[in-house]
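Input: structures, listed below.
Here chain A shows up in two complexes: once beside chain B, once beside chain C.
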Partner chain A sequence: MKGINKILGIGGLLLFVWLATWVFSDLLTEHQWSFLTAYNQENLLKRIALFGIIGIGVAFVIITGGIDLSIGSVICLVGVGFPWLLMEKDWPLALALPTVLLVAAGIGLIHGLLITKLKLQPFVVTLCGLLIYRGVSRGFTGDQTQGFQNSFQGLKVLATGKIPLTASFGLPMPVVFLLVVALASAFFLNQTVYGRHLKALGNNEEAARFSGIHTDRMIISAYVICSSLAGLGGLLFVLDVNSAQPVDFGNFYELYAIAAAVLGGCSLRGGEGTILGVIIGTAVMRVLNNSINLIDWISKNIELAVIGSVILAGVIVDELAKRMIAKRRSKMDKE
Partner chain B sequence: MEKNKLKAAPFLQVKGVGKSFPGVRALDEVDLELHQGEVLAVIGENGAGKSTLMKILAGVQPPDQGEILIAGERVAEVSVDAALEQGVVLIHQELNLASNLTVGANIFLGREPGRWGVIDAKKIRSESRKFLKRIGLDVDPDKLVGDMPIGQQQMVEIAKALSVDARVLIMDEPTSSLSQTETENLFAVIKELRSQGVGIIYISHRLGEVKELADRVTVLRDGENAGELSKQEIEHDAMVKLMVGREVAQLYERTQGELGEVALSVKGLRTQAHPEHDLSFELRAGEIIGVAGLVGAGRTEMVEALFGVHPPLAGEIRVQGGAPLELNSPRDAIAAGMALVPEDRKSQGLILDMSVRENMSLASLSRDKKAGGILNQKAEIRISQTMIDQMRIKTPDDEQVVRFLSGGNQQKVVVGKWLAMQPKVLLLDEPTRGIDIGAKQEIYALMEELAGKGVAVLFVSSEMEEILGVADRVLVMHEGEISGELAKSQLDEEAVMHLATKVAV
Partner chain C sequence: MKNGLLVAGCMLLLSACGGDGSGSGDGKKPVSRLAFVTNGVADFWTIGQAGALKAGQELGVDVQVLMPAGGISEQKDILEDLITKGVDGVAVSPIDPVNQTAILNEVAGRAKLITHDSDAPDSKRLYYIGTDNYKAGRMCGQLVKEVLPEGGALMIFIGRMEQENSKRRRQGLIDELLDRSDDPTRYDAPGKVIKGSKYTVLGTLTDQFDRAKAKANAEDALSRYPDLKCMVGLFAYNPPLILQALAQGGKLGQVKVVAFDEDDETLQGIIDGNVYGTVVQNPYQYGYKSIEVLNQVLEGDLSDLPESGFIDIPARLIRKDNVEVFWEDLKKKLATPKRQEEVKPTEGAGEPIGKG
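Entry: the complex of A and B
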């Protein structure tokens, strides 16, 4: 019940932002339509899918009550490492692809072990990760841009291709990836014992442990999933844009992912969050980004300020709504 | 001289104070008097109302009725500020110091001398020295509190109290974490303060200390005055008698069933909290053992060690004569057929924001899962429905969030979670804390029913009626060791209290 209200709320926000962008960018301007075009909407969907994948990843960690700040740097490591292995080191694709994905998963494993076994704080561990993987990426590439040039056209279709639905509009391939990841994640969270355990320990780790749940193992899995999805995201991002600069590829992406998860109803206290909410949260952020680019009278320079304000407004409304419900409830109890 | 002092009007008077909490009458028409330059010990069993009374005196909670007089004047408004203003200071059992700040900073915390927000460090130092000197504590005011042993930290609390010109000092179990020497130092300070005219209310379970220190003893029992002892009358037996001497309203009377094989055998268990003591006992199928003792006797530590929450340091623990168990986590204990209804229902027993059904199935989820770890929702619903019916849990449906159930129904959910696992050994830690009488009796009936089905039950309780009415056999603990065992035939309150307050050898 509670979850549905949240989804409706954030879904309403998405609809509002989408319509507002349409009105201000298309209807109220003299020049040609730019927002509601097949090209723009396809692009928008693709960006939603790419950011949605990493948002789902971080949602797993946030549900345990943790945080992952290293996502952007993992995206960079994979994003520059993958073309570097293929183009500079001439590794075969069949070796390079599993290698980068395993490295990403391994990073999550290390985070999880440090957090559960050494009891380090997630913020600290992943903050160090953010610095380390960025530095390593710039190191082994000599800070040089890495890309595929004109090779691997077939592979790039994974990110740039689309499944035509009408004559002019097609579903971008990353959306397929997002759907697969989202369905699998939602299934994991809602239909398996492990998902239930994850939510339980996010709510109350001690009670979960007292109930015989393998809390450490579950937390480690969450970090592995998060880094793996960041790795997948890194692959698709670099395939989409064809090349990546170690200095800023994926910069800030962890914050976009966390913001989307929070906007979508994840509580940083843990235990709360839905996959659908995260995807809608991501969509709100991408539409906002799109609208700032398209609407003339909003300076592109203030993009971050706009996004920040919308998220803040979202959580304030959420908190106020929660209080109102609690108040009404206690009134009912008294009567 | 002594006589004259006592004849003077008491400095602090409590008249007919009452206080209720939902479902509990914590204090009923309680009177208390304290003179200046007197050490008054307030004693009573767990839950007798000592802490509530002290909280009222310190202004933490207002009383529902009655009045408090200080120096003959009625205290108009009960608040912490007003209490401090009057010089009434409570030193909690757990010290309230900022361990990252210096001694001086702690003494003046919240009342830092200085101007425009700039602290006058010099003044703090010199003033602190004055108060530290008064209690004979020779430490540098610039020393970090966190770097000091616990006994000295307590002295800092006392210095802090003196700095607000305390005329009444309330100390709640001040020696519970002190060493022998530290305790002696504390006593010397208390005696010194007494001679300086400070009135001291001393709350302790340690009757030996009370005998040494107190000028007078007030005994509380079930939230009422149970009696008073003058200096000459303070004897161990007299105190115990007043603490327990009531007509026991029998809450429950268990009829013992047949005993089976040994279900749990514990040999030489050493817990992390009390590694110096060996704990050994046996528990048989169909038997209900009660574990009695005062707060801090190591009872919770024992059951938590058995359940693998804090793995035991040593000991041979077997369930139904099987191989000795490696208890490194609750999982190990659960796998061996044990279950624990923990002491703190809200933080250890339940996921408050999850539904009744989700809580009920939490332990059995893994056992019942389908291939690939998929939830067995049918089993989940069956378990929660069965338990709700069987235990008569009052909830609109099993999707209700547990937070909104009453304490008794919450506790039934915790018990139900474990019944779904069909344990061989059921450990319960304060199973009826904070729940109403009706729910208590239902929990007792449940324990008895389980014992009847051959489950071995061990429960920790601070409630005497529970220990007397429900247990077939009682282990009494005192400062980390099992100080005695009482069979049903030997069981009475005085016997239990004697073992629980065993005067230190």
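Entry: the complex of A and C
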């Protein structure tokens, strides 16, 4: 029940932001409609999918009560490493693709092992990861931009292609990836023992361990999932943009992912979170981002302030609503 | 709960609106909507913005200036959103021209596209407005020759090397110092010491726009090379940080400084005699000319635009003799306000063309 309330709340926020953008960018201007065009909605869906994938990844970690700050740097590592292997090192695609994904998964494995076996704090481990992978990416590329230029057109379809639904509107390919990832994750979390164990351990790790759950194994797999999805995200991001600069590619993306997860109902204390919530949370942030570019009177340089304020407002309203409901309930109980 | 969210959101949007509720015009004849997109956030671009907005004001077109803070992916988002908005013309400084052909051509398919500052020759852009950075680099080399006629060792400081313009700028400087022939395609790897008959380039240090790193680079060069004669800062913020490092090391005046671009501290340094001179591009003209050319293209008036597609905004040398005049002029230009629709028509300055 609590989950459904959350989804309704954040869904309401999305609807509001979406409608407000439509009103301000289309209805209240004399220019032709822009926000509601198929072109823009396709772009939006694509961006939501790309950021949604990494948001789902970090949700797994957050549900265990952990955090992953290295996502942006993993995106960078994969984002520059993949074209670097293909274009500079002339690796075959069949080797380069699994390599970068395995590297990403391996990073998650190392994080998980350090956190569970050495009992290091997730914040520290992944903060160091943030620094290390960014530095490594800049090191092996010599800070040079890595891109595909005109090669690998077929591969780029994975990120830039569309599945035509109507004459003018097509479903961007990244959305397909998002759907697969989201459905698999939701099934995992809600329908399998694994998922229930993950939430149980997020609520109370000690209790979960005493009740016989292999908590270490669960935590390690959460970090592996998170880094793997960051790797997949990095792959799709670089295929979409066509090139990546080691110095700023994926910069801050971990914070966007964490914000989307929190906005979508994940508690940083662990134990709570839904996949649908994370996707809606991501959507709120992407629509806001889009609206700032489309609405003339919002200046581009206050973008972060607008996004931050809306998230904060969402979280505050959610908290107040929760208290109101609790109060009403206790009143009803007394009567 | 949903209501609460709505109310909170409304308040936010209203506060974001912040007393600037002018909205759009009164819906007379449609005004051309043009966008000036930079490759990052920098003071250099604030000057460019002033030029673009001034041109918008004088020509009666709506100009929007967008500076991506998040690198190439954000620049792509901005370009996509400009297509969505249906602007009539876009002037962009592409961050990674070789790999951005697809998105640039997408823009070119829906609006008039020109490049400024950095070119994308493979794209369908109509014109490129910029400075020949190789030539500008050679001019910088002339300054070094003037300040160190006897020769000596120098160090180059630059933001990043992957941009075409920074490569060419640095190469021009090196080629001038080594008295080589003009060849913008030459490339000396940054790690190596480059020795000429009189001048030795000890190295090139990059900082990736990280100011703290840029300062540390200058400090480290000073401690590592006691015989350093000259420091050349090739990105706008490099010379001021070199000056700070020199001042803190008590070496102001001992080590000569040659600069690029027109940071306030650089110009003050020239006045104070701590910087020998600087090579200035003309970001104001990038902005102004971009809007002017886009407007000409939209009106179908191509008569005075060059066949080659390259519109050169030449660099200039600023030394002690002309720095004050230059700075005064720059300040005047920076005082230019705001977007066209938000400003009253200008009095005096040129006849209002106001086609809208």
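Just so it is clear, the second predicted complex is superposed on the first by the 331 of 335 C-alpha atoms of A that agree within 3 Å, B and C clash if a C-alpha of one lies under 4 Å from a C-alpha of the other, contacts with A are read in each partner's own complex, and residues count from 1 in each chain.
We adopt the following convention: a contact is a pair of C-beta atoms (placed from the backbone, for glycine too) under 8 Å apart; a residue touches a chain by one contact, two chains touch by 3 or more.
Just so it is clear, the structure is predicted and the values come from calculations on it, not from any experiment.
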Partners on chain A (chain B, chain C) - clash or fit | fit
Looking at the overlay, what does A:Ile302 touch: chain B (first), chain C (second), both, or neither?
-> second
For A:Gly147, decide between first (touching chain B), second (touching chain C), both and neither.
-> second
Mind working out whether A:Thr166 is in touch with chain B, chain C, both or neither, as first, second, both or neither?
-> neither
Take the Cα centre of chain A as the vertex and report the angle out to the centres of chain B and chain C, nearest 10 degrees.
-> 130
Per-residue contact with chain A, leading partner among chain C and chain B | C
Which partner does A:Gln191 contact after superposing on A: first (chain B), second (chain C), both, neither?
-> first
If you take every C-alpha pair with one atom in chain B and one in chain C, what is the shortest distance in Å after superposing?
-> 22
In the complex, go through chain A and note every residue touching chain C.
-> 5, 8-9, 12-13, 16-17, 20, 24-25, 28-32, 34-35, 37, 39-40, 43, 47, 138, 143-145, 147-150, 160, 237, 240-245, 247-249, 251-252, 289-290, 293-294, 296-298, 300-302, 306, 309-310, 313-314, 316-318, 320-321
Contact set on chain B toward chain A in their complex | 307, 309, 329-331, 334, 340, 342, 347-354, 358, 362-363, 365-366, 369, 372-375, 404, 417
Interface residues, chain A side, partner chain B - complex | 191-194, 196-197, 199-200, 203-204, 206-214, 271-272, 329
Given the complex with chain A, which residues does chain C contribute to the contact?
-> 1-2, 4-6, 8-9, 11-13, 16-17, 20-25, 27, 30, 33, 41, 64, 66-67, 69-73, 76-78, 80-86, 95-96, 98-103, 160-162, 206, 208-209
